[in-house]
Every structure is written in structure tokens, then in C-alpha cells.
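Before anything else, here is the set of structures, which you'll find just below.
Presented sequentially are two complexes of subunit A, the first with subunit B as partner and the second with subunit C.
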Partner chain A sequence: MRKDQREMILDRIRAYEFAAAELNLYLDSHPGDKRAINDFNTFVKQIEALKKEYERLYGPLLNFGFGPNADQNRWQWIDDPWPWESY
Partner chain B sequence: MWIYEKKLQYPVKIKRPNPKMAAAILSQYGGPDGELAASLRYLSQRHHMPIPEAKGMLNDIGTEELAHFEMVGAMVHQLMKGASIEEIKAAGAESWYTDHDRATWPGTGTGVPFTAAYIMSKGDPIADLTEDLAAEQKARATYEHLIDLADDPDVIDPLRWLREREVVHFQRFGEILNKLYEWKDSKKYY
Partner chain C sequence: MYYGYQAGYTAPDPRQPHMPAQPGLMLARAYILPQTYTRAFSPEEALREGTLFPELVRPYEKKKHQGGWA
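Up next is the complex of A and B:
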């Protein structure tokens, strides 16, 4: 099955977010690990850049004002597909 | 508060309906060792944790479990969507169809509704973290049972991923339990 551009950006966001989530949990029990904090902050930057790109093309990734509605004329948040429908 | 992120934590793309597998997997949605129970357990217990590491860990793993609840829901939905009446009858899922059509519902595939009796929030940090360690192992075992039952790679792949998360959470909760013992000892001597 060929992946579209949207899915490809989402996969990259997922990969960085997974790394950040893993480091987040690790840091909860190792709050003094400087190297892990540095890695965490590196991933945060990557995620921010990718999210910005995604939201410019496809609308908000997060609700309640945590991502912009790029289209001036139409509310993009309700656009299909929703995550449970991605097939 | 919580913000919704419009994506799954790990992709679920199941092409073939399978009501029998849906009924088995539903247990991880609203069953005794399921993701809903896990999330509610940790998010309730976090309030009375005495050290920052424990508050953070229960808050964050409780949040991740909600993302897993969503993934399991997507799996069940995709396994039921498009199933024919013949497939539903062949799978023995008539009672599911009678009460829910093909809908996702927080309970087990045998019709047992979700209950808070699955979880405990004792108010004793060491007792609660010890429960959490057991909960992660029980969820891991459940995912292994589901992997044994599954034959579709589209189903096995996310199940394997979810199983792996239980192993990581067990590790992290173990670190927190050790810190709670240290905290308890430090109180004793000062």
C-alpha cells in the first residue's frame, strides 16, 4: 500500500514523539541525567518543526488552540480521516 | 488538562474484518487488565504520591495508557467494521451484534462491562506501586495471549508494540518503587 505525503509526515512525527515519550518516562525516574535532557530537547525541536509543517498542509494536529487552522475559510479540524479510520 | 492529538501513537491499519479477534482484543479495551483500567488506576493514584518522580511517572504513564486505549479501540473498530452477518455468526459474536451492532464498547468480548473493581487506589504509595508492577505484567501476559490467537500481521504488529510498552512501564515503575522505599527509609531516620 502506497503511503501518502500526510501519512509520511505523521510517521516521522510519531518516530520523534516516541523517542521523546521514552526519554520523558526515563527522565521521570532519572531527573539528573544531563545527556538524556539534551537528547529530549533535541527531539522537542524536531517535533516542533515537523508539526509546523504538518499543520501548514493539513490543519491542526492538536485541538483547543494548540495548533493553527491554516485555511482561512474552513474549519479543518473535523476533516477525515480521524486516527481510528486510517485505512 | 488533556489535549487531543489527532493521530495514533502507533499506526493501526487492519484490512480484514475478524469479529472473533475483535472479541478477544476488546478485553484490552474494557477488561480487567485493559488500557482503560491501567489509565484510570495510575491517574487516580498520582494524587497521593509523596515524591516528584512518582507523581510524574503515574501522570505520564497514565496519559500514555489513554493513547493505548485509543489504539486498542481502533483495532476493535477496524476488525468489526465491514464484517458480514455470516462472519459475525461464524465467530459466535451474535450477542455483541445484538447489543452493539459492530460498535466498540468498554467491556469484554463476553459482555462483561468495565468496572472500577478492576483497579485499586489504596492511598499507600508502596502498596499502589506494587499493584502497578503486577498490572503491567498482567497486561503483558494478555498481549502475549492475544498474539498467540492472532494470525493477521496487521493485528500482530500493533499487539507486539503494545506488549513492549508494558515491559518498559514495568521497568519504570520498578525504579519508582525503589525510590519510594528510599523515601520511606529517609523519613524513619530523620
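Up next is the complex of A and C:
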């Protein structure tokens, strides 16, 4: 099945979060590695941008503590599909 | 799922493993090689390989004649 745009953004978020987690673990034992810190920060910025993009197009990824409710008039968390559901 | 306290339950004795140790099988790796961060997969490749670091790729390959994973 062809992946739609929404699935593709989710896949990229997953991939970048995994890469950031890997550098997180690496940096735990190599705390002075500037290149790793730089790449970690790049991944984190990318994750933030991807999540913002996802939320702008498809609604909130989490229920609270992450992004504002973009619609002033309607609570969007109850809208389908939830991030872990397919259309 | 947690079903609450079970009367008569006895915890497994850690000195008596359920399965006898099998020689030649690697269950886990409790250490990793000292690393230098020089090369990294792209995030998409990393997720596929199971690691960001090319030097740590250790795929579990099926052995043809044993029928198991090692």
C-alpha cells in the first residue's frame, strides 16, 4: 500500500527520534564529543519541525504539554484519526 | 496484566533456571566496543539497521543447518 503524506511524516519523526535516542546513549558515555552534540541538536531541531508540521496538517500528536490547540473554537484531540490510527 | 497477589505463589528460584544453559548461544551483549563517532547512518537507515552507528551493526542471521537464531 502506498504511504500517504501523513504516514511519511510519522515515519520521519520515528526515524529522527531513534537517531536522537542513539546519540543520547552515545553521549552518555562520550559527553565531550562536539560533533555528536552538534548532530544531536540537529536531530532535535528536525524532530521539532516535523512535529510542528504534522500538527499543523493533521492535528495534535499528544493530548497536552506539547503543542497548543491550533483551532480556537474546537478541541482537536478528539478528532480522528489519532496519531497511532490509520484512516 | 497484573492479577493481584496470588496465594500460594512462589517466586522462581533464580538458582534453578527454567532452561539449562546452552553452550554456543549468545543471549545478550552486555558491553559495546569503544566507539569513535565518525560515520553515522541517515536516521531512516539507522531505524532499519537498529543502530545509528555502522560499526555496531550485528545482524541476527539465521543459521542454515541449525534452524535457530544465533
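Side notes on the structure shown:
Following the convention adopted for this analysis, the second predicted complex is superposed on the first by the 79 of 87 C-alpha atoms of A that agree within 3 Å, B and C clash if a C-alpha of one lies under 4 Å from a C-alpha of the other, contacts with A are read in each partner's own complex, and residues count from 1 in each chain.
One rule holds for everything that comes next: contacts are C-beta pairs under 8 Å (C-beta built on N, C-alpha and C of every residue); 3 or more make two chains touch, one makes a residue touch a chain.
Since this is a predicted model, take the numbers as computed values, not measurements.
Looking at the shared chain after the overlay, A:P60 reaches subunit B, while subunit C stays out of its contact range.
Judged by the touch definition given at the top, the superposed model places A:W84 against subunit B, while subunit C stays out of reach. In the superposition on chain A, contact of A:A15 is made with subunit C only, not with subunit B.
Of the two partner chains, subunit C is the only one touched by A:D33; subunit B is not. Once the two complexes are laid over each other on the shared chain, residue contacts for A:F43 go to subunit C alone; subunit B is not touched.
Residue by residue along subunit A, subunit B and subunit C are tallied for touches, and B comes out ahead.
In the superposed model, A:N24 lies in contact with subunit B only, and not with subunit C.
Shared interface residues of subunit A, touching subunit B in one complex and subunit C in the other, are 11, 14, 18, 22, 26, 30. By the touch criterion given at the top, residues 35, 37, 40-44, 46-47, 51-53 of subunit C touch subunit A in their complex. Contact residues on subunit A toward subunit C in their complex (touch as defined above): 11-12, 14-16, 18-19, 22-23, 26, 30, 33, 35-36, 39, 43.
By the touch criterion given at the top, residues 3-15, 52-53, 56-57, 60-61, 64, 70, 73-74, 77-78, 168-169, 172, 175-176, 179 of subunit B touch subunit A in their complex.
Interface residues of subunit A facing subunit B in the complex, by the touch rule stated above, are 1, 10-11, 13-14, 17-18, 21-22, 24-26, 28-31, 60-64, 66, 77, 82-84, 86-87.
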